[in-house]
Each structure stands twice: as structure tokens, then as C-alpha cells.
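See structure below.
Chain IDs A, B, C and D follow the sequence of writing; residue 1 opens each chain.
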Amino acid sequence: MNPWALYALSGVALFSVGLVGLFSHQHVVKRILASNITGSGVLLVLVALARRMSSGPPDPVPHALVLTGIVVSVSSTALGVALARRMARLQAEATHLPEHEPRSDGEGP
Amino acid sequence: MTSVAALMVWPVILPLLGAVLALLVGRPGVRLVAGVASVATLMASSMLAWEVAHQGVLHQSIGGWGAPLGIEWRADGLAALMLLTIALVGPLISVHALDHFGDREDREFLPLWLFVWCALNALVLSADAFNLYVTLELTTLAAVALIAVRRDLPGLDAGLRYLLFALPGSLCYLLGIALLYGAHATLDVGTLAQRVQPGPVTWVAAGLVTVGLCLKTPLFPLHVWLPPTYTGAPTPVTALLSALISKGSFYVLLRLWLEVFAPVMDAQVGQLLGVLGAAAVLWGSALALNQTQLKRVVAYSSVAQIGYMFLVFPMATSGARAGAIYLVVSHAAAKASMFVAVGNIHQAVGITALGGVQGLAHRMPFTFLAMALGGISLIGIPPSGGFIAKWLLLNEAIGTRQWWWGLVLLVGSLMAAAYVFRILRGSFLPLPPGVTVRSIPLGNELAPLALALIALVLGLVPWFPLDLLAIGASR
Amino acid sequence: MTDVLLDGCLALCLPLLAWLVLRTESLSQAVVLFVAFGLLSALGWARLDAPDIALVEAAVGTGLTGALLMHTLSWTEETPPDVRARARRRPWALLATAALTLLLGWAVLALPADSPGLGPEVEARREDSGVKHPVTAVLLNFRGYDTLLEIAVLLVAALGARAVNPRSERASSDAAKDPLTGELFRMMTPALLLVAGYLVWVGDHGPGGAFQAGAILAGGGVVAILTSRMGTPRMSSLRVRWALLTGPLLFIGVGVAPLLSGRRLLELPEKLAGTLIFIVEMALTVTIAMVLLMFFPGTRPSRAGRGGER
Amino acid sequence: MTNTWLPLSVLLSSLLPGLIIFLLAEEQRRTRTLLNLLAAVTKLVLTGVMAWGVYQGRQYETRLTFFPKADLVLRADSFSLLFITLSAVLWFVTTIYAVGYLEGTDHRSRFFGFFSLCVASTMGIALAGNLLTFFLFYEMLTLSTYPLVIHRGTPEALRAGNVYLRYTLTGATLLLAGVALLYSLAGAVEFTERGALSAVAAHRTELIVAFVLLIGGLGVKTALVPLHGWLPVAMVAPAPVSALLHAVAVVKAGAFGITRIIYDVYGVYLVHDLGVMQPLAMVAAVTILYGSVRALQQGDLKKRLAYSTVSQVAYIVLGVSIFGTASTIGGLVHLVHQGVMKITLFFCAGNYAEELHVHRVSELRGVGRRMPLTTAAFTVGALGMIGIPPVAGFITKWYLGIGALEAHQPWLVVVLLTSSLLNAGYFLPIVYSAWFQAPREEWKPSPRRWEIGLLLLLPTVATAVLSLAAGLFAGAELSPLGWTRLLTEREFRP
């Protein structure tokens, strides 16, 4: 049996684990990891679809899509991580030096 | 023919080029470059809309490769109207943003806004499913960067919250597209529409695409990120988010649903979307009614207004489609003017609560007029674009014998009247004692008024947009 | 028989490993498991005859993202696994995952098992795309527009990440004197540049291209930053901006040029297509390397609480 | 040859000045007053020309494309002219009164801006040629009257504004539902003489539902009984607002709408056939009695006048919903008579409040000595309301009585008589105490030559004279009664 169905199912499983994980965790880093896992799940399904013909070269279009997909998921992860890091630092500073740094009120202007 | 279709390139390339050059020139020249790029894109969009109005639907295959292999562009009446809306509402918000932000943020706000503009124009014109994914992703990331542009704690929290809800939405959409590609070996929306048959693949793919885009729009049960994000983000960014960026994902859903999925899915799924829309209307309006902060009221009103737009799915007639699009366009103008006006109030008196409106009518007449006209369009009272949209949807509800959607519309607009007039009511009271009013630059006051006038004109001259919309309407 | 076994166990343990990543309480453990997960999925891509993707996944997906996450944990000072991080052991999470997998699996299995997708079309039109490697042909010619927008995505992410961490924190000087890293860095740099150059060149007819080369360069750059040989690239310096933006400007230029002669956007003339693609790829490599570097903040601030650092 | 620009210019004659006044600064008192009067005069002239044209039988219609399937139509027929002449005359008089009344207060640019918008909307309602245009202007009237109700900016004004909005917006929603229902049945319903719905007469249930919705929506502004709550509360507004708007323009817009629905949308026969005429007449009758009874109990003068308006407007609805020419004439002519008489009463109430700071009925003892002319005008208005000749009110009740007998519904005559008695019950004591009772303490003499500023006195006396003239010269060709007879014979012949 051509292994693509196995990998496609594994991709779908990854997608489900990631998606459910994303909505059931609160910690930012965990949610970023979950979104990465969801992303690789989808990409695994795409590449598995490319390899359905057991003979001859695989279908290049899904490969190109996956390349774009990886770059997009890396950029969103990097942006998420940068935001998380900055927030962690602001919160850390706020707890260390509460006196002379006014807490910005809940509602941003 | 090619020379006219080439017009479709500029609305996408010009803002992209503008953004890249704005990044390149750095601080001194940012405003100049962004200004030139904005004017050029505005002209390109209106020229394209003019051509579509006169020559009907335009097609263009990028790189000359044709449908299955290359990426197709299609500009029909709907796309032209969306291009015009983005080209009118967006720059007005960015004009307001210039005075709202300091110098540092300008250097980051303007290029990011041009990227959003390029992404939205690309999204509106594209007829390729995966290309839609890339444009959606570009809009999302630029929006997250915009939300966090001020680098304060609420902004960062809002940006992260938005990212961690929009990301899974795009990935669900991508998996849906992957399944469709697997089944029909094409990414072009037109060919997909011909090849799609009812079957497990189509149902699951449609489900994934719908859930993904409903996460980003957002539709009722998945809207939890909207209020905190809209209140955390700086006001001009919130205006951009609510007026334009959330409309991108709805536009994609409407396109895919009406052109690809509707013929093969049975009506019950459309009814489900309608029910969720109705729930959004009632839920959003109810919550908007008991908020104390100005921005939160307007944010929850977005949840309700998005609910109205989803009423198009159970009816799925060309009249309902025109109504939904008209609501999208007039909501963009009206909601943007409301948020920008709230930004003005906050800048002038520093109060974010409802009380901030007191005495507004005399000290900031233009801002008050903008909020009044915007509010009227949100409620759907003539003369406003909102009324025309409500009128079209109401007629379709009665025409297709589903009068209960009409009931939702009427009850929703009564609740909208409640919270809008709750905001406006205070503006006739005298200024509360001890409140000092900082004068804001005229440009800031005229921006919301211009936006509100767009909503007003949409209410006075509806035949022009409706004729434009009729071009290329499938059914 | 053995490769079915290999595929089977690989396909099985990927989701399990993912579940573990999200299950573990301590964050650093989760990140390490995530890097392992990345490498395993790179193996999966290789098994599915997708060498390009395996390369990019290994370099960018796992290498850089893993390093970034590890770095972030050091910023957020490894707090004891806070309660929230402990996945709430609600049975519904397991149930929901299983249900979703079944639903999507049902759809995937309903897909035609032998459709070649767009492979034949690409094969037919590959000659006049100017490059021999099909993936590069699709990426830079047939669907070049996607790549153009994707570069915009990279720029936006870089702008967003850079804007949020503006200060380029110079590393404390003691790291520089450590002889081992200095020596390692000096040996590695020439090999790195050679590999990156080769990857861009080979992209024309084999697996490779701008993304892979950019990732390798970025890897070298990260090491340089960590060993404080180089400050993090800041948007305020003109050199960095030029390095970042020549790629996109060139790509837009190449895309728009055919319009002037009455052809369509990104319609590269046959004979020039190969060289144009190569030039654009070179510029894009620099852009991608610069962007991936910009995702990387400086080193961690020294332990003592820093003054009101704005 | 249909003249296409006149109806639009009548509408613009109050819309454009209104927008310009908004932009005027507060101090530019002179230019604002001049602009106001200029607009009022031009409107009077244009209305006169149009009335003369329609009298000659000429056509006036402006058609603007609005929707692909429906357009905005402004058409001047004899019925709309009845309402336009009333509004134009009374707006001219009230502008003068308002200039005098609001002397020295602030936000007058805003006031007169919205005041002009209100009149523009009323003109739009009168001139509307199809149901959609009517609905658009009907809603704009709500929007432009709300700021006037809360003009003073006091908490009570805001509370009154809330009540006002709650009623009018609910009414607007009902009306919208009805209009949309008809629109989907018969497209843009043009107002045609014998009714436009004959083609779809078969859909009886939808038509009845639509009728109930439409009358429900219009009933709010007509202050029919269950929906009248907003009128007394809106009396907190300044006197010119309660005079022109809540006694004339807004309330009449509702009655005008109901007449249009019965005669020009459904057609008298269809309405009669659907069997909805009788319940409407019942509601009107109940409103007449209820309004008069509540007026009796009111201590505050303006509240009493408000409840009297509630009952008087119901006369129009009663007249229109009885099947017969005489009752129709009675109902329609009351549109003008009630307007003129009620505005006189409100002007007098405003004068008393402005000059002597008298608000309650009990404080009116011996006021005739201090302000003879105003009290004389009040007496003329009051007698008219009761229906004593020679004031105009008598003619309405006379025709309504004949109409009731023609339609073999004697119980209506009983209703008319009892309501006249009730009117006497709550007006005559005021007149008596004003003239014949000595005031508790001597009124301070007026500091100027006249009892009150001329700007306030002249309009009051003018409208009183108009009420008398409408009664005395009823027989004349161009009097309100004459015009109504012409109109009924031309357009509303059952």
C-alpha cells in the first residue's frame, strides 16, 4: 500500500492534536508550540498528497505550497515569540520596580 | 484587452512598492513616500473600478500560465466596490493615525498600513485559493504588528491574543484548501466551482474553510478575542481592524460559499450560519448595552454587525448578496468613523468612559456629527448606507419566505438604537466641571467626518454601488 | 516490508510526540521535545521524496524556531511550571482530538488514491519556465506571485518583531573572550558561506534555493550574534535596510518589467527567465537571511533587574 | 407638462438654510434670523405658486433614481398641498415666535438647524409620491426632532428624549416591516387615486398584516391611545418645539400617513373590504375620549394641551376611517383647523410661561387683566376646540356628525358630543378664571408698551385670527374647507 495514506492520517492527527492543544492551554509558549504543530500537520497532509503516485517524481505544486507554508508559519511563530518575550519583560519589570513605573491602565488609548 | 486588464496589477503592486520604499527611506521621508503611494493606489483602484463598471468582469492570469498552473485574477463588480471602499476608508484612518501617533510609531505604522492595503487589494482580486491563504496571512501578521506598534502592555496582549486566534483560523482554511486540491487537482476558484460534487471531501473541506474564516472574521461563538483586542489596540488600528481587516476573511468566505460550496451543500448549513449570525446580533447588542467604556461598546457593536452579514448565507439570493456587501461597505465607513471619533474624544478629554461624550456637541461639533452619522448607519435609519443594507436584507427575508431573519434584523437594529443613543445622549449635556479639553488638530476632526459622510452618501445614492455590484453577480 | 514498518512507526509516533510536547509541564522540556518533533518530521519529508522541504524544515522550522523558543525561555526566566501550563487533564481534550482526527481522516481517505495532481502540467511546461527543478519552477515562475507576497509576509514579520524589541542588546563582553566559541566560529564561517552559495546555485536544477540558503546564512549569523562577533541588525542602519530590501525591490522590478512591453505581471521572457530567477534568488537569500536574523533578539540581559529600560 | 423642479425646491428651501445655519457661529444672530425668515418667505411663495398651479390642474413631480427598482418621487397633489400650506404658514409664524422666545439662550444655531431639518422632513412627508420616499422622510423626522426635544440639555430633557426615542423607533420598526412587506408584494407602491394594491388584493392575510403594521407604526406619531405616551412627556421641550412640532408637524405627519395608507395605498374599498376600517374607528373613538378625560386631570397647562392634542388628532383618524365623503371632509379639514387652533393655545401657554412664569392651570386666575390679548387668543382657541361657532373647530365637528349619520353609526355622534362636553370641561374653567377671577396677588405691570415682546405677541394673535377666519370664511373657494371639498371630490371620492 503506498505509504501516503499513513502520512496523511498522521498529518491529520497532528492537526487535531495541535488545534485542540491550542484551545486547551493558557500559557503563551505552549499555544505557540501547538500552532506550530497544527501547521506541520497541515503541511504533512499536503506533502502526502503529492506522493500519491508511487512511480515518477512527486507532484511539485504541493511542495511549493508547503515551502511557502513553512516560511509563513516561521514568520508568525517568530512574531508571536517576539510579542511574548516583550510582554514577559514588561511584566517582569512591572513586578520588580512597581514604584516609579505607572501601570498603564487596562484600556489602551 | 490586455492593456485594460493590466490595470489590475497596480492596486496590488503600488502599495507593496510604497511599503518597501517607505521602509527603505527611514524616518525623514516616510510620510512623503507613504503619501505618494496612497494617492497612486487610490487612483489605480478607482481607475480599475471605472473600467469594471464600463467593461464588465476583467480577468488576468499572472505570469501568463493560465488557470490550473498559474494564479488567476478576476475583478468583478464586488471586487471593484471593495477596492473603492478600502481605498477611501483606509487612507482616512491613516490620516487620523498620523496625528494620533508620535514620530516613532509613524515609521512603523505607515509601512505596515501599506502592507495591509496591498494584502487586502490582492485578496479582493485573487481567484486562487492558496493565494487567498497567503493574502489572509499577510493581513493577519501586519494586523498583529500594527496592534502592538505602541509596545505597551495592553497592545502586546491584544496582538498576541489576535495572533493566537487568527493563526489556527488560517491553518483550518489551508487544510480545507489542501483537501480540495487533493480531490480536484486545482487551486483556481473558478475550476473548483465546476468540479466540486457533494461528498465527504467537500463537506469536510467546506466545514474547515468556514470554521477557519469564522475564527478570523469573527463569528459569534468564536469571537472571544474581539473585545479585548479592539480595546487593547491603539484606536486607529482598531478602526482599521474593524472596518477593513475583518472584512477580508468575510469576503473570502462569501466568495467561496456563494460560488463554490452553496450549490453542493444542502440548505441546512446555510441556516446554521444564519442562526449563528442571529445569535451574534443578539449577543453583541446585549453586551454592548451594558458596557461602560466607549471603545468596548463600539467593539461589541462590531460583533453584532458581523452577525448581520452572516444572514446572507441562509438566503443566498443575489439580493441578499447585495445587501450583505452593502452592509460590509457601509459598516466599514460607519464603524471607522465611530472608532476614530472615540479616539478624538480620548485625546481631547482623556476619558474613556461613556461620560467622555458630555458636552461633545458644542466643543467638538465635527466629531459629534461623525459619531451621529456613523451611529445612524449602524442602526440602519435612513439616510444612511446601513439602512439600504437593512432594507435589502429585509426584503430578501420576506421574499424567500424566511421572515424570521427579518425579525432578527428589526430587533437587532432596535438594540443598536439603544446603545448608539446611549452614547450620543450625553453629548447635549453641558461639559462636566473640571474637565479640561485639549484642542486636537483639525485633520483629526475632519477624518471621522469624512468617513461618516461616506456612510451618508452610500445612503443617498444607492443605485451606483448596486449597479456596480450587479456586474458579474453569479445568480 | 521494512520501509512500511518505518513509515508506519514514523507516522504513528509523530502525533504521539506532539501530544507529549503539549502534555509536559516544564516549558524547557516541551521545547526540547518540540525540536525532536521537528527533526522527526524532517525525516518524514525525506521519506515522502520532498528533499527541499526536509532541508528547509531542518534548518528553519526546527533549527531556528527551536533556537528562538529556547532563547525566549531564557528571557522569561524558567518559572516553575505554572499551574496554567499544566494541561488541564480534561478528558474532552482527548475525545475532541480523536473525533477531529476521525472526521478529517474520513475525508482524507475519501480522496482519490492515484490522482497525480498538477504534476503532468508542470512537467509539460517545465522547459519554458527557465529552470529544470520543478519545485523552483513552480515557486518562482508558475506561482511567482505567491512568493512575492510571501516575501512581504517575511518583511512584515521582521518589522513587527524588530519594532517590538527595538533595543539591540549588546552582549556582555565576557562571552567574547571565550576561546572555544571564537575558534569554532572562525572555522565554520567559510564552510557556511560555501554551502549557502552552492544551495542557491543548485536550486536551478536540484533541491535548493533561496529559502534553504537564507536559512543556512541565518544560522551562521545567529552563532555570530551569540558570540557577540556581530550586533543584531537594526532597522536604523542604512546597510541593514538595503540588504533587507534589495531582494523585494528586485523581485518587484522583475515582475513589473514585462508590463511595460505589453505582457502580463511576472511573465518572464523564456530565454532570460533562468538568469532572472537566479539573480532574484541571490538577492532573496540575503533578504531571508537578514529577516531570520532580525527575529533573533540580542542575548539575555544580565540577571540583575535592569533599570527602567525603555 | 409636469414641472419637475418645484417640489424639490420647496424641500430644499428649508433643507439648505438648515445646513447653512448649522455652520453659523452662535453670535451671528442677525444673519441667522434673516436666513430663517428668508427661507420661510421663499417657502410660502413657492407653496402659493404650487397651490395655484395644482388648483389649475397642473402636474408637479420630481423623480430621482434611488434603487434599481424603486425611485424617490416628490409629487404635489391637492392632498399634499393641504398639509404643505399648513406647515409653511405655521412654520413662518413659529420661526418669528422662536426667535423671540429663545432670545438670550445658547446653542441657537443648533436649534434652528434642526428646526429647519424638521420642516424639511415634514415637507418631504407631504410631497412623498410613493411609500418608500414617505418612509425615508418619516424616519428623518424622528432624527431631526429628537435633538429638539433634548435641546435644553437638562436630565429631564434627556429622560423625555429616551421615552420619545423608545416610542418613535419602535413605531419606525413596525412601519419598516409593513413597508417592506408591501414592497415585496407590489414593488415600490406609488400613491395612486383609487389605491395601488388592487393587483394583489388576493393576498388578504399579508395585506391585513401589513395594514396593522403600517397603522401601528404611524399610530405612534399620531398618538393613538396605546402609543401616545411620548406626547405629554415631550412637552418638556421649549415652547416653539412643542407648538409647531408636537402639536402640528409630527402629530399631523402620522395622521397624514394614515390617510395616505387608507386612500392612496389600499384604496377605500379594499380597506373596507378587508374589514379593518371599523377597528380603526373604534381606536380613534377611544383615543378621543381617553385624551379628553386625561386632559381633565392635568394640572400643568402644557400637559393638558398635550392630552387635548391626543384626542383632537384622533378626530382626523375618525373622520378618515368612516366610510363617507362628509366624514372624510370633516377629518381632513380638521388637519388644518386643529393645527391652527392648537398652535395658538401653545403660543399662549408659552407666553404665560415666558412672561409670568406661570405653568399650572391654577395660577392662571385673573391673567386676563395682565395679558388681555394673549388671553383673548387663548379664548378663541379654546372655543374652537370645544366646537363653538364661529371658530373653525365647529365646522369639523359639524361635518363629522353628518358623516357619522350618513354611515348609519349613531354611536359616533354620541362620542363627538361627549368629547365636546369634555373639551368644555377642561377649557372653560381656564377661560373663566383667567377673565373673571381676581388674581391672588396683583400682577406686576408690563415693563414695555405691550404685555409681552411683540415677537411673541404677534404670532399668537395672528394664529387666533387665522382660526377665526378659517371658521368665518369657510364657504370661500380657497378656504381650508373649500380646498378640502375640492380635494375630496378630486381624489378621495369613494
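Operating definition for what follows: contacts are C-beta pairs under 8 Å (C-beta built on N, C-alpha and C of every residue); 3 or more make two chains touch, one makes a residue touch a chain.
Since the structure is predicted, the reported quantities are computational estimates derived from the model, not experimental observations.
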| item | value |
| --- | --- |
| Dominant chain pairing [most C-beta pairs in contact] | A-C |
| Identity of the most central chain, Cα criterion | B |
| Chain whose mean Cα position lies farthest from chain C | D |
| Separation of mean Cα positions, chain D and chain C [Å, integer] | 74 |
| Inter-centroid spacing, chain C versus chain A (mean Cα positions, whole Å) | 12 |
| Centre-to-centre distance between chain D and chain A (centres being mean Cα positions), rounded to whole Å | 67 |
| Separation of chain B from chain D, taking each centre as the mean of its C-alpha atoms, in whole Å | 43 |
| Shared-contact residues (touching 2 or more other chains) in chain D | none |
| Touching two or more other chains - residues of chain B | 130, 134, 137, 141, 144-145, 148, 151, 156, 175, 179, 181-182 |
| For chain C, residues that touch 2 or more chains besides their own | 104, 108, 111-112, 115-118, 122, 142-143, 146, 150, 153, 156-157, 160, 164 |
| Chain-level touch network, classified as line, ring, star, complete or other | other |
| Contact footprint of chain B on chain D as seen in their complex | 65-68, 107, 110, 135-136, 139-140, 142-143, 147, 150-151, 153, 157-158, 161-162, 165, 169-170, 172-173, 176-177, 180-181, 183-184 |
| Parts of chain B lying in touch with chain A, wherever the complex brings them together | 130, 134, 137, 140-141, 144-145, 148, 150-160, 163-164, 167-168, 171-172, 174-175, 178-179, 181-182, 187, 231-235, 293, 295-296, 343, 346-347, 352 |
| Chain D partner contacts - residues on chain B that touch it in the complex | 361-362, 376, 381-383, 387, 391, 394-395, 398-399, 406, 410, 413-414, 417, 421, 425, 428-430, 462-463, 466-467, 470 |
| Of all residues in chain A, those that touch chain C in their complex | 1-10, 12-21, 24-27, 29-30, 32-34, 36-37, 40-41, 43-45, 47-53, 56-68, 70-79, 81-86, 88-89, 92-93, 96-97, 100-101 |
| Residue ranges of chain C touching chain A (in the complex, touch as defined) | 3-4, 7-8, 10-12, 14-15, 18-19, 21-22, 27, 30-31, 34, 37-38, 41, 44-45, 47-50, 52-53, 56-57, 60-61, 64-65, 68-69, 72-73, 75-77, 82, 84-85, 87-88, 90, 93, 96-98, 100-101, 104-105, 108-109, 111-119, 122-123, 134-135, 137-139, 142-143, 146-147, 150, 153-154, 156-158, 160-161, 164-165, 211, 288, 291-292, 295, 297, 305-306, 308-309 |
